[in-house]
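Across the two complexes that follow, chain A remains constant while its partner is chain B and subsequently chain C.
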Partner chain A sequence: MADTHAPHHHGNRVEDRRLVTGTGKYAADWSLPGQLYACFVRSDRAHAEIVSVNAEQARKYPGVKRVYTGEDALAAGYTKYFVIVSYPGRGGKHIIKPPRPVLAARKVRHVGDALAMVVADTAVAAQDAAELVEVEYRDLPAVVSAEQALAPGAPQLHEEAPGNLAFDFESGNEEAAGAAIAQAAHVTRLKLEVSRVAPSPMELRGCTVRYDAADGTYHVHVCIQGINMMRKQLAAITDVPEDRIVVHAQDIGGSFGQRSAAYPEYVAQMMAAKELGRPIRWISTRAEGFASDTHGRANTVTGELALDRGGKLLGLRLDWISDMGGYLSATGSASHTRNPSTCMTGVYRIPALYGRFRLAFTNTVPVAAYRGAGRPDMAYVIERLVSQAAAELKIDPAELRRRNFIPKEAFPYKTPTGSTYEATDLHGVLERALKFADWKSFPARRRRSEKAGKLRGLGIATVIENTGAGLFPKDQVEIEATSAGGIDVYTVSQSQGQGHETSFGMIVAQTLGVPLERVRIRQGVKPLIGNHTGGSRSTAGAGSACKLAALKLIQQGKSLAAERLEVEPSQVEYAGGVFHTRGSKRKVTLGELAGKKPINVMAEGTFGPTFPNGCHITEVEIDPATGVTRIVAYNAVDDCGNVINHTIVEGQVHGAVTQGAGQIFGEQVVYDRETGQLLTGSFMDYCMPRAGLVPHVRMQDYPVPSVSNALGVKGVGESGCTASIPSLANAVMDALRPLGVPPVDMPFTPARVWHAISSAKQKSQ
Partner chain B sequence: MYALNYVKAKSVQEAAEFLAANPEAKLLAGGMTLLPTLKQRLARPTHLVDIAGLPELRRIEAKGGRLVVGAGMKHHEVATSAVVKKAIPALAGLAGEIGDPQVRNQGTIGGSVANNDPAADYPAAVLGLGATVVTTKREIAADDYFQGLFTTALGEGEIVVRVEFPLPKKAAYCKFHHPASGYAVAGVFIAQTAGGVRVAVTGAGPGVFRWSAAEAALAKGLKPAALESAKLDASGLNSDIHADREYRANLVRVMAKRALAKLSGKK
Partner chain C sequence: MAKVTIKVNGTNQTRAVEDRTLLVNFLRDELGLTGTHVGCDTSQCGCCTVHVNGRAVKSCTLLAAQANGAEVLTIEGMAKKGKLHPIQQAFSECHGLQCGFCTPGMIMATAGLLKDNANPTEEQIYKGLEGNLCRCTGYINIVKAVKRSAKLLRGKAR
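Take a look at the complex of A and B:
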């Protein structure tokens, strides 16, 4: 493999020993003296009025301290949910944010909606008593499809949102796109589903809240992506001042966007912790998770791509309908409007763009950001349209892309939807990938598969995404040099598996010239300004601040050393943790300088956005008798800027590719169309990808350093999803197209693929 | 899980007596179906009577033209047993394809046969080979034993002690794994026995069944073409979000053909 990356760390990730030997500390590992246990009563129906909640028997159950219901949430005023979107939509109209009591009051809107909370001495007593809570419902008709929810006559979820429309957003130029499509020699049209998925981190959701009456502070121990974002949300919902909420977290077992929100359960626990004066602990079950942890994606998109006879792209118009579920989540409305719109032009120069994005309420679990947060969805739509157009116009799909790339000289490129892409080398990435994947000799491989009775398909996706969006204006990092020679680095960016301790540790260790073992990364323990980990932003943001803080430490150390060594600061040089005078042998170490009191420095900055991009070329083989698809080749060339640690970059890409493949080949949350019941409520029915799904992922780095941050890095956490989803779908369609199979939607399950093949065969007979 | 009482039985006899005296008690062997059910509070037995590891349930032997497998044998043990591999390799292969390594090292043949999950693998072998289920009370022929969805001929308090398989001339099993659960969406066991060709299908219907049209077709010769035209009524097959009837019917035919190819030594 080409050595195109920066020097890398050859050892294991420094956090892995802790994480794989069971000594990590996750949400369920916080156990506080005197804690009580909460259990939630959840709706078993999709849409109903709550006629009454009778908790009399539950209250009498041994060990039960208190039963809270929606009426308690109303009384506390905990009804305004935090939603990050504040920008206006079409016609200047703002998003509608209906109230969401932290325990559902008067009405339930999805199966799993929490409507009461039992608090007891033990978890079993709480669960037993929860079963004794009698809820009388008046059933209402349910709607579980966003398109149907927006249709006239659909059941209405919130009186504040007529027609179930939460937000109507647009981007680009409607007139220009319309004209381009009307006049074009060729228009490719597709209607595509980006299926609803359950992110399913390995760690179950959990929270323990302690209220300290002495100073009126809530201590919230919870699985999160960052302490600041959690605190801000909890404060917004409860009106408790931010400085009276302390969020505690150490290790997080996966997140993928699902752990960014202040879920209603946590706020209900705050209510109880204060009233009962004891810590309140709740750990979700996997079944509860399926019915209450936010889902991802869930878009239905109609796309029209206009081209001239030579395959030049002229215009793109998208009608985007997103399923928000029963309530707005914190992030879903942004991840389904602004995020996809910012990269709506993909990697192509398209003169006219227009997208309309409508967010609908349905009787399902709320939808939030999920790895890539709208960008994979957009890449999927564009890349399927481009490959479909190539097939219709009989142009090689790589060639069609090549003809339409934003040319090198056009960077920084201002897109018609308001992004400014920093410099990339799209042609360079493509040519490298074509060679890497041996694109030209695919026909021979296809013939070989045919001989074995298999259908082989070749898929390509060339993608770009904007990363680095944050809720907070800057990222701060503090470094403390201790007398023992240790370097403690404080950040509020929270690793959920990304390996910050290794990456950030290497940045600081390399800048200071000290061994990695001397550097300790501490997340979320000091009140700094900064963003959570999400949107592929941490290395560009907090990582850059790490570097700046380390440089600052050297500067400050030089002044201190100058005093100690009795020379001018300009006469002090630094190398490998030691300050020495120019031209003499007198020296003092960083640890000695910190002898009496630690040296603290803080650095901050605003970094990004970055625009990671890449080309993933994949091949699949389909068994036409069963519809089973196997990925037989996966070749990825990624420009994620400078690489700090290649192993970590590979891990991020592998994980994201697997999540993308999971969505393409099996994952899908399914609700019953009539009853609104969740049909994929466990791993017996929800098809999580297994290791065998994705064979060896061949990777090459193609770094074009970013100019938007101190390290030259680009976000890599999500790009594997963004590229794998369209590439694999295009490979499947390429395998099926010769049989006359019309466009098929994900997930390409064996049954769906087999049906597509057999109906095409019947038609051709 | 609801609170319950746990009893460790010292013998099958003791377990049977306990069950007779406590009608709401449940047997626990590997627990691979029972434990998840309990954890989700979908069952509320008064007692769990643990028979795992009882020596009288733990034997594998081939004698007198029969392979005897004790009810307490775990899937992994059957899959890796030299005796089973020699006597009925298809049975060892089937056991090795059940669930995942954790399940195979915990679940037992007796539990699988007693539970009769419509998508379980063992019922296909038991029916396909025309085995005999031996209980604490009697011997039951496979054809009489399986009675559809989680239903068997077992009476109250009756415990499966062992399964006796007559040795076939040849046998093969082919299974389409459920993409999420790993259970059989369709599994077909074909055996050439002294009494003729038997074809048992699991996963596709509400319970394991014999595909008689295929048996009749194959009686004239073990030819894949015979399966192509063998009648299979899709209307009685299972249909769910993963696989509708039509697809399942196709899978039954495809798995049957692949089992036949295995049987004939073709891969």
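Take a look at the complex of A and C:
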């Protein structure tokens, strides 16, 4: 049995030293000489016309330099917003991208919409003055549910988007799926809510912009997922050429998709930095974060799964409604159309698939990618449908899965929605997981729980997801070997906690056969082509390029060594940082070769998508008296391809599983249905996971190396979310179903679970 | 304005600050000790945890003026002469951190927790860290790191 603590690398990441000693550098730790401080005035209404903004008192406040409003944004022309979706939807119609002034002008569309920016000598002066800005609103009716926003007569957010419909996208074959469902012996139907959550990285969003008038360059110090994506977006919004925007970042305090966007605040700061000639610093508060950092998920999905009498899947039809919030974010529309549709068949052979995806505007914070970005949502829908069907047909849920898996010989498998899954072994993963979780003895464990007055449930999810999508066509990595023997590796991917300095360092060190200590990973300091860190792509993309660059360095070193050693390059051999001639003792080190001038090599590559997959089997115990649910077993068998660093992979799975568990058991952004007020605006109201929510995760690797990249790795950053959300939900439903509880939506809070149990009891009496 | 003297990591620091200045802002903005982080505005996240007169305290819950005359220990004061404190070492060894933003607060909270209970159970660790949020690790390796810290510290003490 493979041990997840294989002797690869035990903690002690390269980046840890500075992070445990408090010497990391996050967005709020940049302090530029002469900086001014910005504070934003935000809408306290969900939907209103702005009648007037009176900043007279604020302007007079000591220390205030300037107050910007939506009119300044309009005058600057900063009203575009970058949205990555460019593919057409249903009937060839394109996504509607209404204007979004970087400071709201004339209308506000969600609580927290920034409509003015006060710039002052100190942070507190800016904050004090912001409170003096008087805004007169004319209230409009608000809508905070996507389904309601699409209904006739709903309040309209953007005149460009009639009926609040931003995008109508479809995937698969409508006719075929319809026919399969009409003719099937059994159809399982579920309407499921994938609740809106706040990604909440612990670092507060922040940005400091300096404008260098000498060369017309903006220096943007900001929390990011990669310099290139940030720069591309800022340039698209402002029309400033990309080479006049330099993005700086060192340490990023988590991201989960939320830090990939160029938020309007940053552009407003660019405007002020240029005009006022001094750096402009802004650090968000957590309250602002809840009301302006993009949210995640927020989908309402109606699913119909058709089966024959033998439990064979025949067709799947989904009506998927996504809440986009008040404006389109950069990533949200892709996360809720292309991403889920690429893995709509899940791990199953389903002949007929059809999904219709409608994206709606509502008076809420914009929704963007959040760990998994549509793929956990899709896995949740499929896996709940499959487990529900198993219960309805009285088939063991593992057996129903087994019967319908894409068989090993069908790989590479072209799905009905246009993905090509690379090889994996679904049956192998399942059988391993069933054994690992001791599936067969569950009834005994359930009886034991029953004796203690508890309800025990067993949940399973078998999932797959496509990873590795990117905005840029290739990933470049540069390596510089220095005379001191150092190996500096330059990449434009950006760790937000994933530990690139360690895993990329290991890739280079292992390829070159040198100690890890000699390799230094430098992120975002050289202008290279390459993708940001997101969509679980960095090791497959930038990591592969690291390996290719290291191999190239050896090749180049061999030619240089041949000259130095006065032999043919074919006579030169390399090992452990040293070049030597075949059969003789003459040698030269990499460092010596780099003596006069460093050796530079650059490698690049385009690496295809990877398809990590796995089976997570979980058990929960519910106290029927309180509705409190505890996770009592968590077993994960994952195929994430080859593993570079087990400890880091394990950490990624722990974190993603816990984020999934957070969503399942408590997290939810709640808006007041009438007023559109945000009811979960702080950590007092928003239920973050705490220590003990997921006490343990037992893990096993089932690696089937990927063939789409140089390392054989598959993306692992998000797979824990994708699997934990359906697995835990299925475990809860398994515990409740015997009481006659009908399907329940997440989050399974104690109150919701308790109510479900009591109403089932009342009905049965 | 308030004139405040606080002994931070063994050195007396005197500054004149606005009355409303929080201890965390005093540390970060006046002294440049940016290892103490701010992750919320409601004293929930624990990223700003430091020790005040030997007790773990969220430095956003205290005005700098209230800490006048106190002894404050921040994350920057934990390592001695370049040698990591056992708790710092344990967090790194156990991969108890990913992005590192909550880490200084976690380490200071752990130091406080272990002062009260040198050998806590998992349940006691969950309780002890209730006031510290982490979004990356799922806490599993943090709990491991606390246990390892306890072991290292006990070994050292005896």
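Please note the rule applied: the second predicted complex is superposed on the first by the 757 of 765 C-alpha atoms of A that agree within 3 Å, B and C clash if a C-alpha of one lies under 4 Å from a C-alpha of the other, contacts with A are read in each partner's own complex, and residues count from 1 in each chain.
To be clear about the criterion, a residue touches a chain if its C-beta (ideal position, glycine included) is under 8 Å from a C-beta of that chain, and two chains touch if they have at least 3 such contacts.
Bear in mind that the values here come from a model prediction, so they are computed numbers and not experimental data.
Participant: Classify the contacts of A:Val124 with the two partner chains as first (chain B alone), second (chain C alone), both, or neither.
Facilitator: Both partners, chain B and chain C.
Participant: Chain B or chain C: which reaches more residues on chain A?
Facilitator: Of chain B and chain C, more residues of chain A lie in contact with C.
Participant: With both complexes superposed on chain A, which partner does A:Gly666 reach: first (chain B), second (chain C), both or neither?
Facilitator: So A:Gly666 only meets chain B here.
Participant: Pick one for A:Met684: touches chain B only (first), chain C only (second), both, or neither.
Facilitator: In the superposition, A:Met684 contacts both chain B and chain C.
Participant: Quick one: is A:Phe748 in contact with chain B, with chain C, with both, or with neither? Answer first, second, both or neither.
Facilitator: Once the two structures are laid over each other on A, A:Phe748 reaches no partner at all.
Participant: Should A:Trp282 be classified as contacting the first partner (chain B), the second (chain C), both, or neither?
Facilitator: Touch partners of A:Trp282: none, neither chain B nor chain C.
Participant: For A:Tyr263, decide between first (touching chain B), second (touching chain C), both and neither.
Facilitator: So A:Tyr263 meets neither chain B nor chain C here.
Participant: Could you say whether A:Tyr26 touches chain B, chain C, both of them, or neither, answering first, second, both or neither?
Facilitator: second
Participant: Which chain A residues come up in both lists, the one for chain B and the one for chain C?
Facilitator: Overlap of chain B and chain C footprints on chain A: residues 124, 287, 683-684, 688.
Participant: Can you list the chain A residues touching chain B in their complex?
Facilitator: 124, 127-128, 131, 287, 625-627, 665-666, 670, 679-680, 683-688, 749-751, 754-755, 758
Participant: Which residues of chain B touch chain A in the complex?
Facilitator: Contact set of chain B toward chain A: 2-3, 40-41, 176, 179-181, 241-244, 246-247, 250-251, 254.
Participant: Applying the document's contact rule, which stretches of chain A touch chain C when the two form their complex?
Facilitator: By the definition above, chain A touches chain C via 10-13, 15-26, 28-29, 31, 124, 199-204, 251-256, 283, 285-287, 496-499, 647-648, 650-651, 654-659, 682-684, 688-697.
Participant: For a test of understanding, state which residues of chain C touch chain A in their complex under the given definition.
Facilitator: 18, 20, 28, 32-42, 44-45, 47, 74-76, 78-79, 84, 88, 91-104, 107, 122-123, 125-126, 129-130, 132-143
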